[in-house]
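There are two complexes below, and they share chain A, which is joined by chain B in the first and by chain C in the second.
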Partner chain A sequence: MPSSQFWIIFKEKLERVAEIVIAIIIGFIIAGIMMWLGGYDPIAAYIAMFEYSFSLTDPYYLAMTLSFAAPVMLTAITFAVGVRAGLFNIGAEGQLYMGALGAIMVASWSLPGPLYLPLAMIIGSLMGAAWGLIAGVLKVYRGVNEVVSTIMLNWIAFWIVEYARVYVYPNPIDASKTISMPPAGRLPILIKGTELSASFIVSLVFVGIAFYLLWYMVLGYEIRATGLNPSAARYGGINPKKTMLWAFIIGGIAAGLAGVCEIAGRPPSYAITTGLSNLMGLGFDGITVSLLGANHPLGIIPASIFIGALSSGARGMQIVTNVPLEMVKAVQGIIIIALAVPGIVRLIRSKILRREVKVV
Partner chain B sequence: MSKVIRGLSSSAYIGIIIIVAIIVGAIAYYAGTMAAPKTVSTTTITQTTTITQTVTVTQTVATTPTTTTTPTQTTSPSPTPTVTVPPNAPKKIAVVYDIGGRGDLSFNDMAYLGASKASKDFGLELVEVQSKTEADYLPNLRSLARSGDYAVIIAVGFLMTDAVKQVADEYPNQLFAIIDGYIPDKPNVLSVLFKEHEGSALVGALAGMVAHYYKCPAVGVVLGMEIPVLYKFEAGYYWGIRYGEEVYKQHTGEDIKPLNILWTYTGAFNDPAKGKTATEAQLAQGACVVYNVAGATGLGIFEAVEEAAKAKGRDMGPPFAIGVDSDQDWIKPGFILASMEKRVDVGVYTAVERALLYYAGKIDKFGGILELGLKEGGVAISKVEDLETFLAIAEQAGKQINKTEIIEKVKKMRSEIPQWIWQEVDKLAETLKTNPDVEVMGLKFSQIEKMIPLDANEIKQIREQLGVPTG
Partner chain C sequence: MSELGMIIDIIEGTTFAMTPLVLAAIGEIFNERAGIVNIGLEGIMLISGFMAVVAAEATLNPFIGVLAGVATGAFIGLIHGYITAYLKGDHIISGLGINLFALGGVAFGIEAVWGVRGYHTPPDAAKVPDLPVINISPIFIAMILIVIGTHYLLYRTSIGLKVRAVGENPEAADVVGVNVERVQLLATIYGAALTGLAGAFLSIDWLTAITKELPAGRGFIALALVNFANWSPLLALGGGLLFGFFWTLGEWIKNMAAVKAVIPVTLMNTIPYIATLAVVAGLIGKSRPPRYVGRPYKRE
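This part shows the complex of A and B:
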């Protein structure tokens, strides 16, 4: 009966939303207790956090939130596509570094103005994809666990890019960063006087493409089938090796693009800064976003805005209630852990389900 | 079967929540206990700063019998505030730290020291904002500037130069100050810079005299990346070394052979291993004082010096290192002769003071370049008394240190070196304040000052004139 089936699906979705809401409330309560023990006013801090991320009177803060959401939205896609293909690809961090390096490489060439941005996007995402493909090839042809290889590749990428920052593309005026993307190659700022650039639109479009690909294209179907059960997929005529490689490539493109967007769309420096301090952590935050968004492209959009709001709201907690950054980070961590719990539980649940099925 | 799974999963769910709650509870308890001593240590810091002033007075009596030292210069920018907050000025000040953040034992901690003193002296509320990543600079500055609540917003560190430039244009009525950054042409931005060449001349003179005292053939300097800012340090240091030699000759009447001056650019500010290798090479060529102009790379210099001394069975130099930026004498007590201090606290305090003067209408232009040298207390050579302040900072950052032991050891090291050498260094400080035309090897100190900012050719010329290998 279709109506009862609809009811079941609806109930399931409702349950998931309820899970997340409960997790958020629990996270905020626990973090609030921590702040209270530290001698700060948690309610005032949360109000400040909200004011500095979704202020109703000042659109600047909403723009800031969206600007922080843009890169993690893309790196979340990297992780989500991996999970859909049955992979645990945590290499977005390194792939993002390589993408940023690609953008700087393009910035160092003398080109006609309009060429900078498209070339940076192409080369950056290709470099990200190539970096992801290393782990992919190792996984598919040599059986190297992708968790190990991607986390190692993250560090290799870090040092390659750091080397390039110091020795290949240093800024002659300011040694703390690389040369900047020339103004012609920068993504336009959407609202004057804010940090929100067109990178948010680029991210949204890419998420849309990823959604279409995963749910409406053959490759997406193959990826999801491989993720659910590689043996069954092979039985159904799918080449799981090929689909896994594609999952790495798509993930790499997403992360590489995030790197390009950080270079071409983040004022004021438009460059890679010392210790890659403007790129660090964006790849790992993507994992959180993906888990929050149930590894679904459409779930990732609100999840990334939530994480962006935590980043911009951190300022409010410092400025209004004098909560030190260390405490703010701890609060963020607790909220994120609480939010990740339902995802982890579901993962465990599916493992148990699989085992039970096998037994039967 | 589905019931079983459901039951299992929900209990797992509850179980995990409980586990997380317990973990978080433990963290919270820990954070709570951490928070308590933290507030205590903040108060100790403020206390020690006030204590240092009194200590300074007694110290001057105890250790230096002559009247050459000026104790107030190194400890506090101005002991009694002469400025009051005008009614039209906002009642808050803000400090934005760079990604180094509080607890770096150097720049940011010193900025806090200056800002908290200013807030106390002038009765202003201090708001601190730290930056998690580079991407936070612009949002931090803009959020503060938007409110219009702040008399002045102080950006600590040259990394924020681009961000300050941009926000200063967007908010022309907001006053900004940037420490160590160069933004010369904005009426609402004060660039606080330091005359590192003056401080370097002092440690150079000390290095020159100490090297001759221990009959060493050479002195050295290990630098970070070859960027024009560091030429200031080089020029001052070389000039100081030759000055020190001159003084040593006059004082002892000995016929001395000029020192070889060694310099190495390591190409990095954060690579202690490179600093160590470079220092070992210089020590092998007979250097017995090595000046650190290399940020965290310098930690390798200290290590190399300590190892070399210990290999000879000494628990003190020679060889010695010279610290930079903050008072680094405590890091390897007994092996660090002195430090060339950049008093960021003085810079921050002065910026606040200047903002208030501007609001009061006593000066008509806030922005521009403010260079702080020996005269203004912006640079200085470290004194034993400064250790109290810096050890308090180190303690607050969570370092386990034995204060009295460190101070005793530094005092002992300093007493190994003849008193007249220390007095000559103080005398040079006084001289440079009043008469920068002192000449050494045909080069007046004021000539170096005029050449700043130095470029690659000019530093070559200075090296040549002072008998340093031109590289």
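This part shows the complex of A and C:
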């Protein structure tokens, strides 16, 4: 009966959502204990975090939340497309650095104003794609595990971009950053006085394209088939090597674009800052977003807003209660560890049931 | 500097650089032989390094610091092992979580404990002293003994036989009465404890500092080393020598005056990572992982 089938699927999805919510709660509880051990007030910290991310009285904080959601939405696509193809592409971090470098490279040229933005986007995403493709080629033709290669490439990208920041594109006025994207090449600000720029819209559009590609195009079908069962896919006439390479390329484009958007759409600096401090961690945050969003483009959108809220709220937590910003990264790590446990809902339910049986 | 002095410098540097790589790789080889993949080595090194500094500084006893590092590693191994062996969780996702947690947790911890952002140096009394006469760490000697001991354990004892059986064919091991989950859990704890020792070595011995970039990719280089060594402890020692040599050579070249004038240090920092990629890329088809590695074992 179709209606009962619908009910089963609905219950499954509901259980999945409950699983994610439980993982998030576990993350907050353990992080709360850590804060308490560190001599901070976790309750005050969480209240500050909420006020600085979802405050209804001041749209500034909500705008900040969305602005932080934009880049991690894209780097989540990098991880999600990889997972769909059966790959653990954890190289969004380095690919994003390369994308940002591409944008700065374009910013250094003297061009007619309207050319800056499209050129930055093209070159930045191509550089991200090229960086991802290195891991892809190593995986497909040399059998190198992508977990190892992407982390090595992250470090190589870090030092190359750091080199470029100091020696190739230094800011003549301010040594703490590179030259900035000229005003003609910047993405418009959506809400005045905040950091929310059109990069949020760019990210949403890209997620939409990724969704269409994965579920309505042949390549997407091939990617998903390869991820589910590479030998069956090969038997069905799909070339898994080719689809894996495409998964790295698409992921690299997404992460590279995130890097471009951070340069063209993040006031006030519109540049790369010392030690890549304004880019660091955006690639790894994408992993959390993707896992929270069940590696599905449509799940990634709300998940990215959640992680954006954590990033925005972390500032409030630091201002009000002095809790170091990095606390939210620890929360994310615990959430992911909890998500690794399959069927956490069923597990809790069976534990409760067992106890009830004992009581009886 | 005389040429002999230079050679001694590079040899001594290599003994330091290879120690954390080999320790973590040996540990990972052991748990992968039992079928459990732990890509959280980087995170375990970082958290253990942090705990080692905290303990060594509180007691002004580096030995306690090393123990704290090992215990921290073992504890994380317990969590990862429980999730993967007993709860049949995803090995890679749990490992990723460990790495991400470490980045945030340690950055938070440094600020919570010492009130500084990002960097702390322990006092001299908390540092593991070098051996007399030669500039070599006692942990290097311990590492050599651990390699030999683990090799013996894996190939010459019934424990090792169980570990290898579980990684190759858990069903068969199960049938003959081996407790698959318990073997996997204990192997993961042992592996993570060795990685914890590597973390303590980084923070209170070799580098004598704690930052959130302490392992600098070494956990993942150790993973590459596992592959390079074809899951054999003795080969991991040889591979560690090679990787450690590259790392030392890179450090040495980038600080040469003649090189520094032409190529900035920032760019030369890429050498160990490029060398790692080049080495593992040259290996195709020569290594074979344990047959059942990374897959949750579910009884029919």
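Convention: the second predicted complex is superposed on the first by the 311 of 360 C-alpha atoms of A that agree within 3 Å, B and C clash if a C-alpha of one lies under 4 Å from a C-alpha of the other, contacts with A are read in each partner's own complex, and residues count from 1 in each chain.
We adopt the following convention: a residue touches a chain if its C-beta (ideal position, glycine included) is under 8 Å from a C-beta of that chain, and two chains touch if they have at least 3 such contacts.
Because the structure is a prediction, the values reported are computed rather than measured.
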First, second, both or neither for A:Gly143, with chain B first and chain C second: second
Which of chain B and chain C A:Val21 touches, first, second, both or neither: neither
First (chain B), second (chain C), both or neither touched by A:Leu291: second
Partner chain in contact with A:Thr273 - chain B first, chain C second, else both or neither: first
Which of chain B and chain C A:Ile43 touches, first, second, both or neither: neither
Partner chain(s) touched by A:Leu228 [first = chain B, second = chain C, both, neither]: neither
Chain B versus chain C as contact partner of A:Ile336, first or second or both or neither: second
Which of chain B and chain C A:Arg315 touches, first, second, both or neither: first
Contacts of A:Leu115 with chain B and chain C, given as first, second, both or neither: neither
Chain C-contacting residues of chain A that also contact chain B: 34, 37-39, 166, 281, 324, 327, 329-330, 334, 337-338, 341-342
Contact set on chain A toward chain B in their complex: 26, 30, 33-34, 37-39, 52, 58, 60-61, 64, 68, 166, 174-176, 193-195, 262, 266-269, 273-275, 277-278, 280-281, 311-312, 314-316, 318-319, 322, 324-325, 327, 329-330, 334, 337-338, 341-342, 344-345, 348-349, 352-353, 356, 360
Chain C partner contacts - residues on chain A that touch it in the complex: 34, 37-40, 88, 90, 138, 142-145, 147-149, 151-156, 159-160, 162-163, 166-167, 281, 284, 287-288, 291, 323-324, 326-342, 347
Interface residues, chain C side, partner chain A - complex: 39, 42-43, 79, 83-84, 87-90, 92-94, 96-105, 107-109, 111-113, 117, 212, 216-217, 220-221, 223-224, 227, 264, 266-267, 269-270, 273-274, 276-277, 280-285
Chain B residues within the chain A interface of the complex: 1, 4-5, 8-9, 12-13, 16-17, 20-21, 24-25, 27-29, 31-32, 35, 39, 94, 99, 101-102, 127-130, 132-140, 142-144, 146, 158-159, 161-163, 165-166, 170, 225, 227, 267-268, 270
